[in-house]
Amino acid sequence: MFTKLLIANRGEIAVRIIRTCREMGIHTVAVYEASDRSSLHVRLADECVALPGPQSYMEPETILAIAQQYGVDAIHPGYGYLAEDAGFIRACDAAGIAFIGPPAEVVETLRDKIGALEKARAAGIPTVVHSPRSFAEDEFDALREAAAEIGYPVVLKSCRGGRGRGERVVADALHLAEAVRRAQVETQAVYGNKQLYVERAILPAHQVGVQIVADRQGNLIHLGEREGSVVQSNQKIIEEEPALCLTPQRREELLATAMRLAQLFKVENLATVEFLVDDAGRFYFSEIKSRIQIAHTLAEIVSRIDLVREQIRLEAGEPLAYRQEDVVRRGHAIMCRVQAEDPLNRYLPTPGRLRQVRLPGGAEVRVDTYVYSGADVPPHYDPLVAKVTVWAADRPAAVTRMRRALEDLGLTGTPTNLPLLVRVLRDPAFVAGRYSTDLLSRLSAEVTEPDYERVRRDLAAAVAVLYTRRRESFNPQSPDVWATGWHRSSRQLG
Amino acid sequence: MTRLLVTLDGLAYEVELGAVGGDTCQVTVNGEALTVTVPHPEATVIDMEWLIVNGWPYEIGFDAGLQWLKAYDGLHTVEIQDLNQRVARPRSGDGRVKAPIPGLISRVLVAPGESVTAGQPLIILEAMKMENEIRAPFDGVVQAIGVTVGQTVLRNTVLAEVN
Amino acid sequence: MFTKLLIANRGEIAVRIIRTCREMGIHTVAVYEASDRSSLHVRLADECVALPGPQSYMEPETILAIAQQYGVDAIHPGYGYLAEDAGFIRACDAAGIAFIGPPAEVVETLRDKIGALEKARAAGIPTVVHSPRSFAEDEFDALREAAAEIGYPVVLKSCRGGRGRGERVVADALHLAEAVRRAQVETQAVYGNKQLYVERAILPAHQVGVQIVADRQGNLIHLGEREGSVVQSNQKIIEEEPALCLTPQRREELLATAMRLAQLFKVENLATVEFLVDDAGRFYFSEIKSRIQIAHTLAEIVSRIDLVREQIRLEAGEPLAYRQEDVVRRGHAIMCRVQAEDPLNRYLPTPGRLRQVRLPGGAEVRVDTYVYSGADVPPHYDPLVAKVTVWAADRPAAVTRMRRALEDLGLTGTPTNLPLLVRVLRDPAFVAGRYSTDLLSRLSAEVTEPDYERVRRDLAAAVAVLYTRRRESFNPQSPDVWATGWHRSSRQLG
Amino acid sequence: MTRLLVTLDGLAYEVELGAVGGDTCQVTVNGEALTVTVPHPEATVIDMEWLIVNGWPYEIGFDAGLQWLKAYDGLHTVEIQDLNQRVARPRSGDGRVKAPIPGLISRVLVAPGESVTAGQPLIILEAMKMENEIRAPFDGVVQAIGVTVGQTVLRNTVLAEVN
């Protein structure tokens, strides 16, 4: 087994990996960039190493040099950054450092997304209609032709890693040019690559991923499927397991197809086989992510198997400890992403210092986060602040448990998307389990409760008290901020 | 006695209240008397986040500008008018365009003297790997551009002025 | 089902009950006393009612009057206070308010501890040797005779409720008088009653409790047994499930005996049947607690059944939803009590304001607490601040998981017993699972780790920096506090 | 240059350090040079609870009197002597007996003028339902009793004086 492991990542996933390493007795080395210094991953690691800049998390040379300097025998890449960088994996191999993940060739095959789709289709697996190749920045005309051939609406996708960045639905040819430009800016920023390809859009759709665990001896099992159809800015903000959009028979077909794909592509360690499912329940292979995913906590809370521990064990050459029939799946799990985004300002990111962080507790509620009271949400990174995952015996109980967990969660200092999450958890379509990827655009109007009148009245009283106390405590030298009658439109508050 | 008109999600409440320094205060909302307890009166105001109104506890989050309020049931929009002050509403025509978040200026799309229409993108501000368009608040002429490409700006930095 | 429930308790158990009520859609009414106002149970309840004083949590009239005034249809007593007060239960019955717990007669039978022991013995169940009756304050001579007859060492026990308060082991007759006096002071303070009885001490011993769930239709199941043998001041600070002190055969015998006892005493709702187990594995019935226990989270994390939900369902007249064979028990769970007690000052209570509360997260770690950053630990109550419960597939993994959870847990502002808990989790006897109730008196000397030298050196550097920064930031008008050479013995610091 | 003798769990370390106001400082321990980073230098000192020493992060809890230190591996006792100050150790014979915790005086067992022996209970202080004996620090005579039965006292209230 490994003795010293470097975590080439930040945020909640770095904390999550450190926790398992500590449970396994593996010494951890964390890396951090100056603005990230207050992150919990720096505090909890055995050793911590400062990086030169915000980009360094994705610099293979920088990370490898630190790994060698500190004498680690393994690197866990987390998700994003170097998780699917075949060159980095080869460099680790050459340096004699274990990379926790699949071999470079598997990653390469899977990152060629069009090639992977064609290989799957050749094996008789249904896939989404897509352009036969990807297009560089100066090939807009060819891209437009491909889109016309596929037929609108289409989806633009990056040739590089997942997480939805750069993905854009285009309703018609008129909006294509602007969408392509924006997608390229985003994929350049996130992946350093502007290559795009085109897929036929399936609308409304459901996004389903199957968790695969595979050892080097050729054994593989699945830990069930999760659905991530509550999507905002292409990010799945709420996911659940099992998927709601599948009949029992379709579920068996989809799981079997995922296993076939995993074998076809010779996946190793952890992978997620992703599908789009249309409203009729037909599923189409979309891609395979050959790394741990943000939503892996769903499989963990349902199966009670620690996937990071499995990753490390498998990379150390140990065989799978479970056969498919050993995996117990019961109950229902939901995961929410709490993000530093302003719900009243187009969900723009809101980096800043958190004053109070109060995590929910109690039965079957799990929180993964890198923050605590007084910690910073740095400006350069993903706005994901915390993941809340709950389990219950059935879906209705899981929904009410998640609702109370979100209501328990206290975050002050910078706005978050908590109000949006709470609203989804109260939305009748979500509660009934009847929704697809367009849920957020169809959220029902405010839910009216029996106590509505009393709550409004009390909140008016509370706001009046807060406002008056605040006005009195402010520096009287700047009376213009607080003394103007129409507070909200006051110039000084921008 | 302070008299406020509090508009919550578009519904107006007339609120009267006396001293608010201690841990309990008497408040009248639309003529109904309520007791509001502030459990941590010694906390700085910005940290205050829960109150008990007539025995009902509320945990409240609000933004620095008191424009919205987060209660257990989600977000509420807020407007507060001080009925004692009767200050006229300031003109809405402030043309100073400020950074809504900290970030990096990645592009400047207009130049001083240029005519712009409401909603037209003026500047691209990059933050957390997202490209954010900063748009013109109304039709007018760009008076000034206060930043350059590559510059890092704080929240509320004036980026441009339009009139 | 009930619509409005009053929680006649405070602290972590009040929070825990509120959480389940919110998940069930039951409106909650919390009660609180002024010094307890910052407790999370006040913030999370739908309604909150101020009590006249610190004693009011155990005043049946006060609580019932509030329940009636607020129109609740059920009262959950938690543990302690009114949980085993037959008079209160009868008053609830008379008022038409459901008391979540067993009927008054069951409570009465069980609270007559000597009667219960005799009834069990008459049914052929092994019990600890005890005095045939209990003794009032003015019956010391009779008590001494009873102790002599049983034979030293003996244990003094309160006739009233559990939680170990008043319990004292007496090694010989010389120490009896002082032990009796102190036990009486304590039982008077906690239970308002000085009546004591005497039992033969079993040393070293193991304390094992079996979790029983019973409906009103006469069905009952057990949710396994837990062992609470890490005892400090008669309180079980660490408990685990399953018990370590039993062979598989003894476990089956003990579980079957617990079921017989539960039937014999007609328990209803929740109960714990408690045994003492000697080092040879022989077990002796001790008592039945007819209420939810602090350590119920162990049964919950192993079985994934919400016991408070079951309590409420059963009290509403619903039958058990599980048969014995439906209950899945696998893996191992450990629970620690984090208490506001000063480890360097004889574990004296340390009420005060908590500056920072950072709860551990990640997989299979559960926290139950009433505190958060800025909350108060009030002076009048139990020092229990938080319970940390972990689950893992086996005991070694559960031990390392608990260790990292305790290391993750940050509490500043007032001392806690965290250093003691960490030390136990690193103690070789505890890690090996070979310990009994005398573990804390036998804790091994400091664990020496390979990095010991480096850690000490670094801590010396860190302390020097902290000390110097602190000295510089202090008010120079009181130089005597910080400028004296021998800081530690300085008069000003008491 | 500050020179301290830090005794940790009975082991003595000679520590030299310069300015400590910023977020990084150079420290020498028994002649070995170390870099100590204080990640939140702007935090008030009492809140400071973690440092990075030569790349090893430590979360540290300590008591108000800096008599002990809690690190990940448990408690350590601490003594700090300022080698530049060479102040004589104050006499250890402080006979003022203070309340170690806040609580209620439930009994007073001795009277002024009475002789007591080291460890003899003087006063019973009740807190969190526990009876705590407050004992004489050494053999001597009770000079004064500062409290009465039923009185609530704060931490560090002088309860009695013995000499």
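Lettered A, B, C and D in written order, each chain numbered from 1.
FYI, a contact is a pair of C-beta atoms (placed from the backbone, for glycine too) under 8 Å apart; a residue touches a chain by one contact, two chains touch by 3 or more.
The shown structure was predicted, so the numbers you read here are calculated from the model rather than taken from an experiment.
A separation of 47 Å divides the Cα centre of chain A from that of chain D. Here the CA centre of chain A is 30 Å from the CA centre of chain B.
Residue positions 47, 56, 59 of chain B are each in touch with at least two other chains. For chain C, the set of residues that touch two or more other chains comprises 44, 356, 374, 407, 410. Because contacts link the chains in a way that matches no line, ring, star or complete pattern, their graph is best described as other. Pairwise, the chains that touch each other are A-B, A-C, A-D, B-C, C-D. Interface residues of chain A, counted against chain B in their complex, comprise 165, 182, 185-186, 189-190, 342-345, 348-351, 355-356, 379-383, 407, 410-412, 415, 418-419, 422-423, 426, 446-447, 449, 454-470, 472-473, 483-491, 493-494.
Residues 2, 4, 6, 8-9, 11, 13, 15, 17, 20-21, 25, 27, 29-30, 32, 34, 36, 38, 44-49, 51, 53-54, 56, 58-82, 85-90, 92, 94, 96, 98, 100-103, 126-132, 156 of chain D touch chain C in their complex.
Within the complex formed with chain A, the chain D residues making contact are 39-40, 43, 47, 50, 52, 55-57, 59.
The part of chain A that touches chain D in the complex is made up of residues 30, 37-38, 42-49, 374. Note for the complex: chain C touches chain A at residues 15-16, 19-20, 22-25, 44, 297, 300-301, 304, 306, 328, 331, 356-359, 361-369, 372-374, 391, 393, 397, 400-401, 403-404, 407-408, 410.
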